[in-house]
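Encoded as structure tokens, here's the structure I'll be asking about.
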Amino acid sequence: MDKPFAITLDVGSSRANHTGAWRTERPVYVNHLPPCNNACPAGENIQQWLYDAEEGSYEAAWRQIMQDNPFPAVMGRVCYRPCETACNRAQLDSAVGINSVERFLGDEALRQGWQVPVDAAPTNEGGRGGGRGVLVVGAGPSGLSAAYHLTRLGHAVTVKDAGAAPGGMMRYGIPKYRLPRDILDAEVDRIRRMGVTLELNTKVTDIQAELDAGFDAAFVAVGAHIGRRAYIPAGDSARIMDAVSMLHSMEDGASPMLGRRVAVYGGGNTAMDAARTARRLGASEAVVVYRRTREKMPAHDIEVEEALEEGVTMRWLSTVAQAGEGTLVIEKMKLDETGFPQPTGEFEELEADCLVLALGQNADLSVLQDVPGVTFSDNVVEVGPDLMTGHPGIFAGGDMVPSERTVTVAIGHGKKAARSIDAWLRDPGGRPPQTPPRGVGTGSPAAYKHAPASFGALNTWYYSDAPATVRPRLETARRIGTFDEVTGGLDESTALFEARRCMSCGNCFGCDNCYGVCPDNAIIKLGDGTYEIDYDYCKGCGLCVAECPCGAIEMEPEPT
Amino acid sequence: MLKQVEGSRAVAEAVAMCRPRVICAYPITPQTHIVEALSAMVKQDTLKAEFLNVESEFAAMSVAIGASAAGARAYTATASQGLLYMSEAVWNAAGLGLPIVMTVANRAIGAPINIWNDHSDAMSQRDAGWLQLYAETNQEALDLHIQAFRIAEELSVPVMVCMDGFLLTHASERADIPGQAQVDAFLPRYEPRQVLDPAEPVSIGAMVGPEAFTEVRYLAYERMRQALEVIPAVRVGFAAGFGRDSGGLVRPYLTEDAETVVVAMGSVLGTVKDTVDELRANGTKIGVLGITTFRPFPADAIRLALGTRTRHVVVLERALAPGSGGIVTADIQASLTAWDLRISTVVAGLGGRAVTRKSLRGLLIQASDLPPLTFLDLNSSLVEAEVARMSAARRSGPSAENILRDLGITASRIG
Amino acid sequence: MPPQIKFYQTGSFAVGNRLLAEDQRSVQSTAGRSNALTCGHRACQGCGEALGARYALDAVHRATGGNMIAVNATGCLEVFSTPFPETSWQIAWLHSLFGNAPAVASGVAAALKAMGRTDIRVVGQGGDGGTVDIGFACLSGMFERNDDVLYICYDNQAYMNTGVQRSGATPPAARTATTQAVGREPGNRFGQGKNMPLIAMAHEIPYVATATVADLRDLEYKATRAMDFPGARYLHILVPCPLGWGSSPADTVKVARLATESGLFPVFEAEAGEVTSSTPIRHQVPVTDYLRIQARYAHLFKPEEKTEVIGRIQAAADRNIRRFGLRGQ
Amino acid sequence: MLQVRFHGRGGQGVVTAAELLASAAFREDRHAQAFPSFGSERMGAPVMSFCRIDDKPIRTHEPVTEPDALIIQDPTLLHQADLFAGLGRDGYMLVNSTKDFGELGLDEFVQGFQRDRLLVVPASSLAMTHLGRPLPGAALLGGFAALTWAVSLDSVLAAINEKFTGTVAEGNAAAAAAAFDFVRDEREALNRKAGANA
């Protein structure tokens, strides 16, 4: 239409007015390290696999886990969940049930029979594909993890273990009711099917000889199987055994004779395992004797709770002074100002048919004993940040190196060692590799150097209230007397629910808030779940920053 | 078809034949009969239109603005206080260039409140940017409405058709009511210059700053200039279609040889013409110039209409600009500056005061010695009494009431 | 109330949600939204009104398939959106006067009806001044005639365009240029002002609803729902004004959120004069959380905290919570 | 030009009467103008209306100040100030009343006029008889036709039938016709008397 001058205007003509000029600060998209990822000893990209799981892409989610950890089903049962401890959601209602989702994914993979393709064909001939032959000593979590990763990196791996079955502590240390063996076997089997050679009942004594025999590098992870002893005056008839061998014997099918009343000495997870196992073996009383208080107890809370539920009793601030037939003499302790227990001189008796010592384990370091360059300190092997011992080409990890002794840590060592070994094989003079970028989103790798995503940076109003789902647990009556798994898994809907409780801390999850709340339509939606800021029109009000649920946008001064 | 009909009814029938799509009005005497009639037609479905009973004149004009901007032919009617109450929207409609047609049943403005006829209301909107046409008879009122839609839509400006309240609106006179076919042939479908259409969206009513406001106003002035050509053309077209000479800019009557020309607008023209006939019978060289189009002001047409012998112009005003005098006079003076003329103003017929031949005769006989400003039939004694009262006491009370008390009677006296 | 979907991705409250089907997503999350009010406008940084207008009109645009005409009252929205020679509107849009938007909208609707174009719907809109004060009579008339118009009031609780003077919608104790924070009763007086949504309800028009820019899904639901009704409808949207409220431009949405979470601004809908639903407060906060971040209430906290005044404001919030059942289940 | 002024009370149909007269004249192809005295009066207040009839177009819009005829619809108005103002010596007057001028106290007043031009007609009672309501307008017009011959009875009846329908039309028409006969007879009687006196 021919329009009257000035009073009638063509639509949208104001786009000619670039209001970006008003800006003194500009919003930029960033990526922060999610606390869960940051806390995971196995270095899993948890946020990413939760993101995949949220939309039901379980296989994608599982494969994301498998990038870092070959034991999702095991993890989902035995991991002590540092990720959940770190989870920001804990400050809102309760932490996301990461571990239960992981278990769901792990079990789903076993149900579906998902396998991991090996990128490069394994070979031990130098040059071709860069593949070399690597020896792994010890088929525990650390060794198997290393074997898995090395295989994916294209190396030919041989795992040798003294035991009759693979799994190390996963099999001989963790009772069935926490980790059913068929699960363990299935996940180990998956690794074996990738082409890992597994030689059982094979104790490696001379590592140097093995290397000379043609292995280009070795990873030693024999764990810590020797139960620590403490001197306790005891009568001949006193029955004393250590927890490690007790739990081990469970696997050999010869359940130990413990009697009706069992005392377990120690406050670690092993002590709990021992006491709970004792209950299952028919002990009417299982008493844990510990020198300090519950707060000081190294055992994880869940373990203690479940033990108490199962009728295990606790004797805090107590030491075993003397062991006789059917009775123990207990000395009361008190904590000094440094929190260290001091004897009080008060004694009392405790009825016990048997005393199980759970005072920690030591590693059998003999395999590295005489290797030139390898050094030790208080019963563990000294290694560099790349887990290489003093002897070039020999790496070590797991319980035999200085670190927290958990399955997850061990698995992390396996991954780290594998990468270090691969790097060393390619360039023996090279420096240890950087930890690779983690997290999802749109930022440049540099962005990952940002501090971990803090709860304060979130706008949690946008997340609907959704308290955690509790995993079904076996009622105590059925626990005692059977070795059935105590903690059940989540079905799909509940696993999905848990996955969707993730707040995607520090990384854009494509919620469109910035696109929506910009009063100046200055956000361009790229369609692939990412965005771009149109600085021609952005006035720099900061609304997108304030309303970003996950804190993935920040203001920075206009470049001058 | 010839009918003996009330002015309001005649106008209503004319408006209906113009096929307005939206009609809205708020009741105010003496405009009511017009919209009552239209409302009835809509209710009886003889007129296909939306009739809105709005809550005020301000809303009435606003509804008309919306309707017109949406592409519908819109009509409303008002008077007096109502016109002032809608004033803001009246100016806005002109600014937006919306061809709304509105009847103003001319009536005085209070205080003191007064329901009777004069031109104060329309005069107050003189500069609103609307065309103002004044009807001398009911026939012309009827005809002007048909022409008004044609002119308004051709120029895309709103048009006010002014007809004297009661004197015309309530008077039964002979009128030739045209047929629908005639009107349809004369008045094309409304083709808006700008329209609100989701299919072709535009923003109408944008803010305009110093950089363009002068230009926008100039264009308003320019459109008014075009109107000076369009209006006579429409008069000709109308005559062709209806066989009647109505509308146009001005109406000279016996001005060729006139030494005195009386300028006036509206229904008083008839009375003046009768008076002039009588005076001429006594040999006075006097004529009449009726102004049909007051906005835009037809200065050229007026100069053309005045005879070469004209020495004296008497402007008969039905309104007053306190502190200045004649409102029409000012425009007349401006358009005759180059001429050597005596121009005097006669303020007459305020608030329904009858303008009688008797009074006019007495006045025009001595036209040549009229002072610059005369109030016809002014009751000087009443005024002097009140002036005296006011100078005597500070708290002299409300003038209107004082005067009525002196007068001793209220309305309904003859004349 | 809008259907609430669990979990953030299916966006209980975020704008978008990748797991929802296209047609279930919020209008604002779609790349194809109409941007009825597009960029380049001259609104302040973080303008709540610019945001609210786009939210509401985009929703109406989708609901009507683009068959809509908007009539705008004078005010900030009109001034910042159409400074000659540019306009930010991408829809058919008309501005007439400050006080007559509802009547002009009625006129547009009447014209469309007369021309048989009832498929095109009309939206009238203005700020609180144009709605509750100068446009009040026209609005009431439009309601009373039940004209087919959705009228949207963008309420920022004062005359911002002219420099933050008090309006009939200015809340008690708020400081404006004409209710200064001085004297015996600083800020706006208690016991004044009018509740437009309730007044609208008193007309028993088909639909009345309130919303804020803090809950987009709720706002879009109401704008869309309003288009299901023929006749007069009223939508009252709280749109914070960083300039007039003395809040940070980045806090525009936050302030609106606190207004609802504190109970000071009840979010509800009503049909034919009856309240049919209210949006429960999710995490109730004391009014001080809302007041503290606005300079217009600064006098309530310094030099010392005016607990008595704050108490009266809290009482008003509590009354809303009772009256509109904002506690939720 | 014939100028008629109607006096009555609000609600008595004073304006309608003037319009009917104009309409009757219009039917005889004459120019006519009818208009009320515009006031804010309500029911019962004294009101006026005017009618002009001419052979050429009527231009003036002033009120009728020098009537050729007066139609007084309500005798109670008779002593109102300037009721007869402007009525010429040869003017006509028709008063709605059942009394005669003597009884109305107008003997003196009527002296100065042509006697057969001033008459009284019981319009209201005729209206009651034929219409059932005391609305004298139509009857007065019938009488006026007989008094002045300004318009024919047929035109008056036609105007009535155009304005009203059904029984209202019939009643008014009958009342008008009856009043016509009444006035015609009155005039003949008066003329006879005048003749006798001569």
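In order of appearance the chains are A, B, C and D, and numbering begins at 1 in each one.
Please note the rule applied: contacts are C-beta pairs under 8 Å (C-beta built on N, C-alpha and C of every residue); 3 or more make two chains touch, one makes a residue touch a chain.
Computed from a predicted structure; not experimentally measured.
> Most central chain by CA mean?
Taking the mean of all protein C-alpha atoms as reference, the closest chain is C.
> For the pairs B-C and B-D, output the one whose chains share more C-beta pairs in contact.
The comparison resolves to B-C.
> Using mean CA coordinates as chain centres, what's the gap between subunit C and subunit D in Å?
Roughly 67 Å, centre to centre.
> How far is the middle of subunit B from the middle of subunit C, if each middle is the mean of its Cα atoms, in Å?
Taking the average C-alpha coordinate of subunit B and of subunit C, the gap between them is 44 Å.
> Compute the distance, rounded to whole Å, between the mean C-alpha positions of subunit B and subunit D.
For subunit B versus subunit D, the centre distance works out to 35 Å.
> Mind checking the centre-to-centre distance between subunit A and subunit D? Centres are C-alpha means, answer in whole Å.
Here subunit A and subunit D have centroids separated by 116 Å.
> Give the residues of subunit B touching no fewer than two other chains, as numbers and ranges.
Residues 96, 201-206, 208, 212.
> For subunit A, jot down the residues that touch at least 2 other chains.
6, 9-11
> Let me know each pair of chains that touch one another.
A-B, A-C, B-C, B-D
> Would you mind writing out the residues of subunit B in touch with subunit D in their complex?
Residue list for subunit B touching subunit D: 2, 4, 6, 30, 115-117, 137, 164-168, 170-174, 267-271, 273-274, 352, 354-358, 409, 411-415.
> Spell out the residues on subunit C that touch subunit B in their complex, using ranges where they run on.
66-69, 71-72, 78-79, 82-85, 87, 89-97, 99-100, 103-115, 120, 137-138, 140-141, 144-145, 147
> Per the contact definition, I'd like the list of subunit D residues that touch subunit B in the complex.
Against subunit B, subunit D makes touches at 5, 18-19, 22-23, 26, 31-41, 45-48, 57-65, 81-82, 85-86.
> Can you check the complex and tell me which residues of subunit C touch subunit A?
It is residues 4, 6-19, 26, 28-29, 31, 35, 38-43, 45-48, 50-51, 54, 81-82, 84-91, 213, 216, 242, 248-254, 257, 282-283 of subunit C that touch subunit A.
> Tell me, which parts of subunit B touch subunit C in their complex?
21-22, 24, 48-50, 52-56, 58-59, 62-72, 74, 88-89, 92, 96, 196-198, 201-209, 211-212
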